[in-house]
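Just passing along the structure, written as structure tokens.
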Amino acid sequence: MRKALLLVCFLFVTAFLLLAATSTRPFGTPNEAAMDDYFIANAQGEIAVNNVVTAVVFDYRGFDTLGEATVLFTAVISVLALFRKRREDEQWGGAA
Amino acid sequence: MNVGNFPFVIAALLVVFGLYALLFKRNLIKMVIGVSLVETGVNLFLVMLGYRSDGAAPIYTYANAGERMVLPTPQALTLTSIVIGLATTALLLSFAVFVHGHYGTLDVRKIKELRG
Amino acid sequence: MNTLATHAPVLLIAVPLLGAFATPLVGKLGRGARDLFVGLIVALTAALAGLLAADFFAGSGVPSIYVLGGQGLSIPLPSGMTVPIRILFEVDGMSAFMTLITALVTLAGAYFSFSYWRERSGGSMYFSLLLLLTAGIFGMELTGDMFNFFVFLEITSIAACGLIGFRVWLKKSQEAGFKVMTLYTLSGLFVLLAVALLYGQHGALNMAFIASQIGTLGVTVVDKIALGLLLTGLAMKAGAVPMHMWAPDAYGEAPAPTSAILVANSQASLYAVFRVLFTLFGIGASIATNGWILIVLAVLTIFVGVTMALVQNDLKRLIAYGAVSQIGYMLLGVGVGLVRRASLVVGGAALADKATALDYGFVAMQGGIFHMLNDAACIGLLFLTSGAVIRASGTRDLNKMGGLAHRMKWTTVFFIIGAFALAGIPPFNGFASKFLIYEASFKLSPFLSVIAILSSIMLLAVFVKAFQGAFLGPKVGLAVDAEEAPLGMLVPMAVLALVVIAFGLFPGFFVDTIVTPAAKALWYGRDAYIGAVLGGG
Amino acid sequence: MGGCGMNQDGMSVIVRTVTRFIYGLILVFGFYVIMHGHLTPGGGFQGGAVVASAFALLLVALGTAGVKGHLNKHLLQSLEEVGALAFLGLAFAGIGTAFFYNLLANTGGGFFGVGVPAGPNAGVLNAGGLVPLMNWAVGLKVMTGIACIVIVMLVGARKEGTE
């Protein structure tokens, strides 16, 4: 029963994704590139870097990069927290 | 060369394979592999959206004068989402280690204290 | 115009981030220094949220923009461009309202944690993750950029899972951590795929720009698929019923103060659902369908949440199912509003008239949105009391506790206040918002109203059972010499209890000052939201 | 099994010798990728990952015992936090105008303020304002962060995973 339900969900999502892939515009022909053309045209003048991707990563969309660094920081802290040295009363099956 | 939507379909299939592993595999590590596959598929889709036919990498150090360049934004977004994927996978694997420590198994059928 | 209030949106995220990055370093100086530092950061964050909300609600109600890295603060578009090229924050009534909720819950949860986590290891990392979670929630609520939203969604996901699995010695917490992380990641990837589709279609990531494109070009197939993926992913993260299986595990296994903040996290996802439905896709005939989808999800969520709460013996899991059911009430209110809004004339002026005449659709929206605030306060209060109860009795099993009322008088009072508010008993805040929802949903369909009222009554039964099990009867086990929770825990509980009572006693005042602007921002604020970024109407 | 014992004692002499030789090269390449992030493909994240892979190689080849004195978990964690704070601080630097405002770019010479000619060119290292500095902050953060995860999981998984 549970498996059948999962299978239905799976097939539904599969159909959905294939529909998405086929109804997107054809590969290699962006619909609208005004924002990206602006980056390509102005990265050198505004930010003085040759690598446009770096200009986007660290300047135009720098806040995303801060978020991304934060995600990595969160993961490191989480992993360190899981493997931390615990107190005596915190061993397997300790108090709630 | 005109390839239509074929590359997007490949990315969608990658997502579908990942979902299959996630939904129907019983081993925690295989489920993590499934999550990673979904991530890879989405990242591939994202970076392919930025391609412009006959475009060069958007880096002026190597470019030829007047060359067409591919869109830079999807590359930046994909970089972000790859790092996020790395973080997620690291945390998922850590949880798998501890689940194995507690239950002595990685089989989801035997790990079911949280039901109802 | 370069004041603190101007920079408040970004400081609201940067200050907790600064705290999170520095907490492990400050923690090396000792526990006192770390607690002082975290306390200062949390207080500063709450003050900034208050400042932001006060600035907005006292102002003209026009959405304000903050451009990250821009030359000036008010020019998102370089000359001759139609697309905003930088990430920007957009604060409208709904965003300001949500930051208030988050600030309230974080304030209570973080200060409660100082006492709660005193005898545990890894305190610095615990507080660091707590601040990261807060920063992520604020980011989700303030950002006006689709991809930036996804990044903050992932920050909350990972920080939340780190906190859920923090007590590694508990078997269940690790299982819950894995399960929740998998589902959070999946929901995040659905959102990312939707963002990618929207980017491929419109070549931009700014919400206002995409909304205006959808308005002018019509809703294409790709847009509809993106909408489906966004709704699935965000409803999953919010814990609406077909995708709710992670929610009781997450709320139940996380440390008690964190559970309260996780509720705020779910509400931020809910906010995103509303933002997508009202602002991004707020036009066309299909919004009635979306409204009915929300209503179906709502009814399922209310019903399943309450019935599952009935059979629980674990105190935190019981409250967790209560929290799941409350998500349904918010969905119900806003869903009814959405259906009604679709049937009205689609156009800013007509909708504004209906808002001033208090059409039942608008009342439903007010109820649903007000309930977010009320739910955060009373569920937060219940989770905090459960933390105090579990700490005193050493168990979470209701069958193994009892008689705590003899020694823990204040905690008992706070639990009663929280439970009554959650079940919608008149003097408390839950009644104020639920009454609006009952009244308005009755006009759409009496059936909805009946389900909502019956579920509230069942919820009361659930909490009477829990109260009787934990607080009444003979003293059992550790309860024999249980002590009242320390002052550090009682004060945050008291603050939330006061909020619950204040909202219950003066609902009119709060509805007028903060809820109505938030409801208006969704109800007919779409054009203003787009206009603030792109200029013009 | 030899495979299981490797994170105590490391691998064979051949692998260790090659590792000692190649380790420095990987480090240099990683730092190059970070430093030239605004000129060539790469940047802080990519270069940081390359450097972290050198640390991972050291761990696998020499074993946890072999790197005990070289890679200190607490030092790495502190450095990661310093990197994150530096990045946030650089973002705060432009708050006079707006958060993340690049106040050093195109100031005309001096500290990363040189402008670049339009169109394809060989690249100016002393340009880009805050971008190269952010590359370094992120690079520091990523290399120490990933190294931290690798060390902790390698040592911790044996201890916690089988209890």
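We just call them A, B, C and D in the order they show up, numbering each chain from 1.
Here is the rule we go by: a residue touches a chain if its C-beta (ideal position, glycine included) is under 8 Å from a C-beta of that chain, and two chains touch if they have at least 3 such contacts.
Since the model is a prediction, treat every value here as computed from it, not as a measurement.
K.L.:
Counting C-beta pairs in contact, does C-D beat A-D or the other way around?
P.N.:
When A-D is set beside C-D, the one with more contacts is A-D.
K.L.:
Per the centroid of Cα atoms for each chain, what is the distance between chain C and chain D, given in Å?
P.N.:
That gives a centre separation of 36 Å.
K.L.:
Can you work out the whole-Å distance between the CA centroids of chain A and chain D?
P.N.:
Roughly 20 Å, centre to centre.
K.L.:
With chain centres taken as the means of their Cα atoms, state the distance from chain B to chain D in Å.
P.N.:
22
K.L.:
Taking each chain's centre as the mean of its CA atoms, how far is chain A from chain B in angstrom?
P.N.:
9
K.L.:
Residues touching two or more other chains, restricted to chain D: which are they?
P.N.:
39-41, 45, 77, 81, 84, 88, 91, 99-100, 102, 116, 119, 121, 123, 142, 146, 149, 153, 156, 160, 163
K.L.:
Residues of chain C that contact two or more other chains, please.
P.N.:
Those would be 17, 21, 24, 68-69, 147, 151, 154, 158, 161-162, 165, 168, 171, 193, 200.
K.L.:
Using the touch definition from the top, which residues of chain B touch two or more other chains?
P.N.:
If we look for residues of chain B contacting two or more partner chains, we find 15, 45, 49, 59-61, 73, 77, 79-80, 83-84, 86-88, 90-91, 94-95, 98, 101-102.
K.L.:
Report the topology of the inter-chain touch graph, choosing from line, ring, star, complete and other.
P.N.:
Graph shape, chains as nodes and touching pairs as edges: complete.
K.L.:
For chain D, which residues count as touching chain B in their complex?
P.N.:
39-41, 45, 116, 119-123, 142, 146, 149, 153, 156-157, 160-163
K.L.:
Within the complex, which stretch of chain B touches chain A?
P.N.:
Those residues of chain B that touch chain A are 2-9, 11-12, 15-16, 19-20, 23-24, 45, 48-53, 58-61, 69, 71-73, 75-77, 79-80, 83-84, 86-88, 90-91, 94-95, 98, 101-102.
K.L.:
Once bound in the complex, which stretches of chain A touch chain D?
P.N.:
Counting only chain A, the residues touching chain D are 44-51, 53-55, 57-59, 62-63, 65-66, 68-70, 72-73, 75-76, 79-80, 82-83, 92.
K.L.:
Sort out for me which residues of chain B touch chain D in the complex.
P.N.:
The touching residues are 57, 59-65, 67, 79, 83, 86, 90, 93-94, 97-98, 100-101.
K.L.:
Across the complex, what residues on chain D touch chain C?
P.N.:
Residue list for chain D touching chain C: 77-78, 81-82, 84-85, 88, 91-92, 94-102, 160.
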